[in-house]
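Two complexes are shown next, each including chain A; its partner changes from chain B in the first to chain C in the second.
For the complex of A and B:
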C-alpha cells in the first residue's frame, strides 16, 4: 500500500484538464458542446488544502469528479501521488483518493446499515478479513465522533450532520492521503456546518490529509484552505495562498467575488457587485477573455485575445491587467466589502 | 413506515395478504386436508351437487365432477397448480426482465436502446399464438406452460426495472460506491437492486395475477395444463357442457379464480401505497 504513494512529488497534479459535455443532439435538435472544464492545470502538495471557489456553473463539481476519476477527461491528465489516474484500477484508485459528497441524504445508500456503508471500501478491496473490517469500521466511527453503536442504524434514522460524519468515515476508512470534498457542508444546517468543518480540519492534521475543498462559500474556504483557486467558466483565473488571495486579489473576478460576501452587520445592506445581471453560460463561452462581458475594468483588447497567464511568486493570474492592477482601487473595495 | 399508510392501504394489505396467504396454506396442505384423491373417478357418484343443494352426498362437500372426482379435492390441488405456475412464471420472467431492465437502465447508451428494442419486439408477439405454436410442436405439459409464460411475461419487469434503475443511477451513493472501488456486480446487486426492489414487488403481484389468469385461459383453450391434472381453468373447461344444468361446476372454480386474483391485485395496490409512502422522505 505504501508503494502507491510518491512522497516527493505533488499529491495531486492536474495538467491541461478538459471536459466537454454534449447537450441535445436528438434527431431534430442540434448538438451543443458544453465545455465544463477547459484547460485546468494545478498542483497540490502533500498536506495542503486547496480550496476551489466559483459560481454555480463554473465547473467546480465537474473538476472534482475529474480529479477522483468518476468522469473521464476529454483531454489532459490527472496524477494522484505520481500515478496517472487513468492507469489505476478501481481498488488502487480507492486507496489513493476518496470523495466526501455534497448531500449526505443522497450519498448514503438508504437500504444499508451504517456499518456496511463504512465497510464498503474494505469489502471492495477483497482481502480484508471480516473481523478486521469490523474493527476498522468501529475505529473510524469513533474517529469521526460517532458512537460505534450507530453502525447498526440505517441512514434514515440519523441527522444530516451524523450522516455526513458517516460519509467522512467511509471516505477515510482506507486511509487515503487525498480527499476531495465537494461542498461537504452546503446541504447541512448552519449550526452543523461548523462542526463538520472543524472535524475535517482536525482529521486533516491528525491523518496528514491532503484536501481538495470545493465550495461557493468564501468564508468556509478562507477558514480551511491553505491555497485557493478561483474558477470562472471552466478555467482557473486566479490561484494563490489563501491569505494573499483574500488580502490582495489581482483578478477583477476574484475582487468582485470577495465584494459579494455579505457582512454580518445588518445596517450595511446587500453589497453592490459590479458584475451586471448576466449569468455565465458554459455552452456559449465568450471569445477572448471569458470574463470580459461582465468585467468592470475590461479593455477593448479583452474581447479579442485570451489573457496571458502571469505568475508571480506562487500567485497565478489570468488577466491582461494583472501586473499593475493588483489595483489599489480593487483592493480597497474588497476591504470595504469585507468589514470595517 | 406503516404509520404513514392510509386506512384503505392498510386494509388492502391485510385483506389481500390474508386471502393469498390462506390460499397458499391450503395449497401446501392439500395432500393432508383434501378429503379424497383428486384423480379418483367414481362413475356412480357423477355430478353430485354441493352441500347446500338438494341431493348432496356426504363426504363430497363441493360435490363431484362429470367423472365422479371429488370437487373440493380437485379445487385444493388446482390451487397448487395455479400458484406453482404463477410463482415459477414470476421468478423466471422476473430474472429475465429485471436483468435486462437493470442492464439497460444502468448502462444507458446503445445497450439501453437494444433493451428497448427487445421489449418492443416482445410486446408485438401475441401470446396465444405462441402458445398454440408451442403446443403444436411439443404437446401440452405443466413445464411447457411455465416456460411459455415465463419467457413471455417479462416486459413489465424490464420496463419498471429500467426506469427505476435510471432514477437510482444518478444518486450520489452509486458514485460513492464506484469511488469505494466496488465492482459492477456489487453495485448492481447491493446498491441498485435493494433500492428498486419495492417497485419490483408491486410488479410481481401484478404478474402473479396475470400468470394465474393466463394459465386458466390457456387450460380452458386446451393449450395449458393437460388433463387429468386439476387446474382451475381446466375445471371450468370440463364443466362447460353442464353449466346450464348444474351451474356450480363452473361457478366454484370460477369464484376461486376470481377471489385469488382479486386478493393478489388488492395486495399489490396496498404494496404500491406502502412503497410510495415509504420512499417519501
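For the complex of A and C:
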C-alpha cells in the first residue's frame, strides 16, 4: 500500500485538464457542448490545503470529480502522489484519494446503518477481515468526534452536522492522504459549520492530510486554505498563497469576489459590485478573455486574444492587466506549481 | 410611526411544537429590521404567520398584528388576499416559490397589477416593464416575453422582487432572499433593495441566517432562538456589544477574513436547536450555553442594556467584558 505514495513529488498534480458535457438534445433544444473544465493545471504539495472558489457553474464540482476519478477527463491528466489516476484501478484510487460532498442528506444512503456506511470503502477493498473492519469503524467514529454507539443509527436519525462527520469518517477509513471536500459546510448552520471546520483543521494536522477544499464562501476558504485558486468558466484565472491572494488580488474577477464578502460590520453598507448583469454560460464561452464581457477594466484587446498567464513568485494570474514587472510570461503548458 | 407592529405572536403545530413563542416586532416606514437565527428557530413560521399563510392545522394567536394601522390578526381571508401582494409582499430564497413556470414573466407581473389595481392590459404591461428596469434588468422588453426557466438565478430573483413591488407595498418580507445566490449577485440584489427602499420608503423585514447580510442591511436586529426573540437592538449595539450568549456564539462561530491567525480554532456552539413544547420553562438556549445554571430553568425576565437594546439572559451582564 505504501508503495503507492511518492512522498517527494506533489500530492496532487493536474495537467491540461478538460471536461466536456453534452447538454440538451430534447425535442426543442439542440445539442450544445458545455466545457465545464477548460485547461486546468496545478500542483498541491503534501500537507497543503488548496481552496477553490468561484461562482456556481464555474466548474468546481466537475474539477473535484475529475481529481477523485469519479469522472473521466475529456483531455489531460491527474496524478495523485505520483500515480496517474487513469492507470489506477478503483481500489487503488480509493486508497489514494477520497471525497466529502456538500449535502450530508443525500450523500449518505438512508437505508444503511452508520457503521455500514463508514465500512463500505473497507468492504470494497475486498481483503479486510470483518473484525478489522469493525475496529476501524469505531476508531473513525471516535476520530471525528462521534460516540461509537451512533454506528447503530440510520442517517435520518442524525443532525446535519453529525451526518457530515459520518461522511468524513467514511472518507478517512482507508487512510487516504488526500481528501477533496466539495462545499462540505454549505448546507450547515454557522455554529455547526464552525464545528466541522475545526474538525477538518484538527484532522489535517493529526493525519498530515492534504485537502482540496471547494467553497463559494470566501471567508471560510480564507480561514482554512493555505493556497487559493479562483475559477471562472472552467479555468483557474488566479491562484496564490492565501494571504497573498486576499491581500493583493490581481485579477479583476478576484477583486470583485473579495469586494462582495459581507463581513458582519454594521454601517459599512453594501458594496457596489462593478460587474455586468451578463451571466456566464459554459456552452458559449466568450472569445478572448472569457471574463471580458463582465470585466469593469476590459480593454478592446481583451475580446481578441486569450490573456497571457503571468507567474510571479507563486502568484498566477491570467489577465493582460496584471503587472508585467517582475513577472515572466509562461506558456499554457507551464508547470504551474502552487507549492512554495 | 410603525407600518408593521406584531405583538405577542404565538404559533403552535398539531404535533405540539411551539414554533413561535410570544414575539413582538416593530417596523417603521423606510426601515429594515433583520430577523436572524439558525435554521429551525422559527423565522419562516413567523413570516408566514404575519402573512396569514400558515399551513392548515397551525394555531396562531397574537395580541395584534397591525399593518399601517389595520389589525390584520383578525382580518378575514378575503381581506388578507386583498392585502397580500398589494400592501404587504413577500419574497423567498427560491424564486420559483412565487413564479409560475407556465406563464411568461410579463403575464405574471401584469396579473398582480390588474388584480389589485384593476388596471388594463397595456397599462399593466407598461408597469411591468418599468419595474423590470427599476430592478436593474437591462432589456425589459425581451425579459417580459420569457419564461422563468429561461432566466439565470440572479435574474429570476430580480423578477420576483419586481413582482413583489408591482403595487408599491408598505412592507416587504424577504425570507433568505439571497441565500442561494453567488456572492457577487447577492451584493447586487441587496444593493438594489437598499436603493428601492430609499426611493419608496419601503419597510423591509429581512430574514436571514447570514450575520454579514444583516449587519450591512439592517437598521435594527432581532435575534431569534427556539421561537423567541432573545436579543434585539440597533445593528450597532447588537454587533458592537452583543449581550445574549447565543448572539455572541453566532458571532464567534463565523470566520471573518483577517480576524484569526492561520490554524486558530473557531468557537463553535455545541448541540442543536431544541424542539419546544408547552411544558417547557426557562431559557431555550441553556443546554448549549456555557454560562447556564439551575436558575436558567425558571422564566427569564428581559433586561435592558441601553435604549432599545434588550435581551433575555439573567447571567451575561455580569460576565460582559470578561470574554466575547
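The working rule: the second predicted complex is superposed on the first by the 319 of 340 C-alpha atoms of A that agree within 3 Å, B and C clash if a C-alpha of one lies under 4 Å from a C-alpha of the other, contacts with A are read in each partner's own complex, and residues count from 1 in each chain.
Convention: a contact is a pair of C-beta atoms (placed from the backbone, for glycine too) under 8 Å apart; a residue touches a chain by one contact, two chains touch by 3 or more.
What you are looking at is a predicted structure, and each value in this text was computed from that prediction instead of being measured.
Partners chain B and chain C, once the complexes are superposed on chain A, both fit on it without clashing.
When the two complexes are overlaid on their common chain A, residue A:109 makes contact with chain B while staying clear of chain C. In the superposition on chain A, the chain among chain B and chain C reaching more residues of chain A is C. Using the contact criterion defined above for the overlaid structures, shared-chain residue A:99 touches chain B, although it does not reach chain C. When the two structures are aligned on the shared chain, A:55 is found in touch with chain C, with no touch to chain B.
Once chain A of one complex is fitted onto chain A of the other, the partner contacts of A:159 are limited to chain C, with no touch recorded for chain B. In the superposition on chain A, A:197 contacts chain C only, with no contact to chain B. Judged by the touch definition given at the top, the superposed model places A:218 against chain C, while chain B stays out of reach. Within the superposed three-chain model, A:36 lies out of touch with both chain B and chain C [touch as defined at top]. The superposed arrangement places chain B and chain C with a least CA-CA distance of 10 Å. When the two complexes are laid over each other on chain A, chain A has no residue in contact with both chain B and chain C. Contact residues on chain B toward chain A in their complex (touch as defined above): 171-173, 175-183, 186, 190-191, 194-195, 281. Across the complex, chain C is touched by residues 55-56, 159, 161, 189-195, 197-198, 201, 205, 216-220, 222-223, 226, 242, 246, 256-257, 259-273, 275, 277, 279 of chain A. The part of chain A that touches chain B in the complex is made up of residues 65, 68-70, 90-91, 93-95, 97-99, 101-103, 105-112, 120-121, 123-125, 156, 167, 170. Those residues of chain C that touch chain A in the shared complex are 38-39, 136-138, 152-155, 182-188, 190-191, 194, 209-218, 235-236, 238-240, 249-258, 260, 262-263, 265-270, 272.
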